[in-house]
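Look at the two complexes coming up: chain A is in both, with chain B in one and chain C in the other.
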Partner chain A sequence: MPVYDIPFQLDAPHRRCVVGGEPMLFHCHHYNTFLQRTIQQDADFVDSRPFLVGAAAEVAFAQFSSLFARVDAIADRKRLATSLYQWAGLGTFDLTNLDDTGGEVRTENSHYAMAWRAKFGRSNRPVCDFASGWLAGTLAAIYGLSAGSFSVEHRSCSACGDSPTCGFRLTREAPNYTVFNPVGTGALTEHRPQAIPATPVDYDGILEALTGMEIVGDTNGQIPAFGVYLTRHYANYYNRISFEFERNLHALLGAQGIEVASPLLIEAGHVCAFNTFGGIMTSPEWDALIKPSLKTREDWVHGIVAAINALGWGRWQVTTLSETEAEFVIHDDYESTGYLAMYGTSDHPISYLAQGAVAGVMNLVYHGDVASNPEFTAEYYNRLFKTEGSYAANCLTSKAQGDEVTSFRVRRAVAEAALYEAV
Partner chain B sequence: MATANRILYWVRLKGDVEAINRLRVKVVRSLIAHRITLEQMDATRNVEQDLIQELRLAASQIVQQKCPF
Partner chain C sequence: MLIYATRTLDCASKTRIHYRMPEPLCERILDIFPEAEVVVNRFSKRVAGARDHFVLSRTGGYHIAGILGDVRIVATFGKTARDGDACEHTIARFESALCSERFGQVVQRVRTAR
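Moving on, here comes the complex of A and B:
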């Protein structure tokens, strides 16, 4: 396993990890690729490349401009950048052939290409928009240039099956993507944790144990853990691409644009919960650290909520809990924090990942009996989210709308009307 | 039964849990142009052929099988 020296700061009071002023958090390859497919391929009438690439350039440029204030030599800057990329599970790059005019770079290890093949098989179009933007933003920061100093072309992608590597060409010219203003950590609040039901789950102990674990990229820049490929990704990348997707649809279609975007963004949260939470709750780490203290199914919910607090998503609490319903309260959920910093107060709830994830927790524990150690198959996923008795979440308060916290009530969904009759 | 309704039923039956929502995104511009929603495509509702064609194509892409309707 490589040895890293990444200047990351654990902001435990806010349940965040920050590197170079950019909040970074854990998400799995299932979430990453599902979100990308929704934006890039399902809504293919939206011109998404400019913001998919631009969002990555935004976070990389901001992060490395901050980190390089203490690193002078170009070679050292390149080493730090590639080390951080690999540490985060995003893949590997060798930047030695790039200079202040640009250049070409290839890699056999790109997270999005690898993840796409693993989840969906071959893609009919290149998928490494994140890597494209990351390269453009990072190279500008390495040479002390302004944001948007390079255009980037994704020349080949191993997800398409016609090349074993992903190739990129950077050119010193006007950017061929959107240049966004970075927002960093955004405005965080003073958390006032709420009372929770009695449980033997040791929230603080679990947080300390999980945040102390060495969950970092291997020699290929991959983090295989909990049955998924994890990434310690940029919160503001997820925020930017999700909200730009929604805003583009709104610009094209009005309110109906948001109506078609939101179910898929919430579904991405289901995908995340199913795979990452499910993987955690059936892992040896869970068995060793958390499971011994669990007596009831309510304890299972508390156990996974305690673990979620180590993901960098803000402070999660479950404040009322039974098989019938539950309420989840989140201080400084990363979606709201990012939205407020990027766009100001929202007129509707936008914490889509969280909304899908809290329903996923309840479905795993009560509807899917994750304690029985099931196989995480497509059939199990459909049973969890598609059958009668599945839980769904309703947003009660939203930090993005000006509330102090974001909160959700989760209940078993009312059986869907037979909208589509049998053939 | 109307063809659009058959296609939607097939997508729900054969597709993943998110399949109908993915279908909705793919065809939303045409739904707006035709002033109709997926929910209005019940067993008695006939819709224009160009929309049927688009539904069939999108359904096949999402389910990754040729739509039989």
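Moving on, here comes the complex of A and C:
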């Protein structure tokens, strides 16, 4: 395993990890590719490339501009950037041939290309929009230039099947993507944890154990863990692409645009819960660390909530819990924190990932009996989320709308129309 | 003293085999591949009742995870299933090592790919 020296700060009180002023969190390849495909293909009349690439340039530029304040030599800056990319499970890059005019770079290891092929098969278009923007933002920071100093062309992609590598060309000219103003960590609150039902699950011990694990990229820049390929990705990348998708739909369709965007983004949350939480709950790590203390199905919910607190998503709690319904409270959920910093107070709930994820927890434990160690197939997914008795979540409070916390009530859905009702 | 092996694929089409050992694993399993990178997560020191978890890995070769004191091993081999012979060679080497170290005798079953 490579040895890394990443200036990583664990902000345990806020259940966050910050590198160079950018919050970074764990998501798996299923969510990464599903979210991208949702944005690109489920509403393909939205021109998404400018913000998919621009969001990556935004976070990379902000992060490395901060980190490079203490790194002078160009070679050292390139080494730190490639090391961080690999550490985060995003793939590998060699930036030595790039200079302040741009240049070409290729890689055999791109997370998005690998993940796309694994999940969806061959793509009919290049998929490494994240890597494209990351390169443009990083190169500008390496040479101390302003954001948007390079255009980027994704010339070949291994996800398309006609090349074993992904290739990129950077040129010193006007950007061919949107340049956003970075927002960093956003405004965080002082958490006031609420009372939770009695459980033998040791939340603090699990947090300490999981955050103490060495979950980092291997020599190929991959993190195989919990049965999936993890990335320690940029919270503000997910935020920007999700909210720009929603805002573009709103600009095109008015209020209906929100109604189109929200179920699509919540569905991405279901996919995340199904694969990441399902992977965690059937992993040897779960069996070793968490399962020995579980006595009831309610404990299984507490166990996965304890694990979620180590993902960098904010502080998660389940405050009432039975098979009939549950309430989840999230302090500083990363979606709300990012939204407030990017766009100000929202007039509707926007914590789509969290909304899908809390329903996913209940579906896995009660509707899908994840304790029986099922196969994670498409049929199992459909049974969990699309059959009678599936759980769905309603947003009760939203930090993005000005509430102290974001919270959800999760119940078995009684009708399709009620699935995404906001209280 | 049979070891049951259930073969499937992981979500990136790598060959994954779930082994069920006849006896709980001891620390001897950590030495089975001399070239492997070995990580032991001493969860038992952090959480009451928890057990220690291990990973033996080599990039592009294998990722073998299990619990000391438990009978289950989850092993993922190769870069992808397309690696074919190289992957099978590593599997054979691992299973041979399991047998020669007297953890048991491998019996293989096949189940539907993920």
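Just so we're on the same page, the second predicted complex is superposed on the first by the 414 of 423 C-alpha atoms of A that agree within 3 Å, B and C clash if a C-alpha of one lies under 4 Å from a C-alpha of the other, contacts with A are read in each partner's own complex, and residues count from 1 in each chain.
Just so we're on the same page, a residue touches a chain if its C-beta (ideal position, glycine included) is under 8 Å from a C-beta of that chain, and two chains touch if they have at least 3 such contacts.
Keep in mind that what you see is a predicted model, and the values were worked out from it rather than measured.
Asks: Taking chain A as the common reference for superposition, should the pair chain B and chain C be classed as clashing or as fitting?
Replies: They fit side by side.
Asks: Going by the contact rule set out at the top, does A:165 touch chain B (first), chain C (second), both, or neither?
Replies: Neither partner.
Asks: Which partner does A:285 contact after superposing on A: first (chain B), second (chain C), both, neither?
Replies: second
Asks: Who does A:214 touch here: chain B (first), chain C (second), both, or neither?
Replies: second
Asks: With both complexes superposed on chain A, which partner does A:114 reach: first (chain B), second (chain C), both or neither?
Replies: Touch partner of A:114: chain C, not chain B.
Asks: Answer with first, second, both or neither: which of chain B and chain C does A:377 touch in the superposed model?
Replies: The second partner, chain C, only.
Asks: More residues of chain A in touch with chain C or with chain B?
Replies: C
Asks: Measuring by CA atoms in the overlay, how small does the chain B-chain C distance get, in Å?
Replies: Between chain B and chain C, the minimum C-alpha distance equals 16 Å.
Asks: What part of chain A is shared between its chain B contacts and its chain C contacts?
Replies: none
Asks: Quick one: in the complex, what on chain C touches chain A?
Replies: Against chain A, chain C makes touches at 10-13, 37, 39, 41, 43, 46-53, 57, 59-60, 63, 65-67, 70, 72-74, 76, 79, 112, 114.
Asks: What residues on chain A touch chain C, complex-wise?
Replies: Contacts found on chain A: 1, 29-30, 114-115, 118-119, 202, 205-206, 208-209, 212-214, 218-220, 222, 224, 227-229, 275, 283-285, 287-290, 292-293, 375-377.
Asks: Touching chain B in the complex: which residues of chain A?
Replies: Residue positions touching the partner: 38, 42-45, 252-253, 256-257, 260-261, 263-264, 267, 270, 378, 381-382, 385-386, 419-423.
Asks: Give every residue of chain B touching chain A within the complex, in rising order.
Replies: Listed in rising order, the residues of chain B that touch chain A are 1, 5-6, 8-10, 12, 16-18, 21-22, 24-26, 28-29, 32, 39, 42-43.
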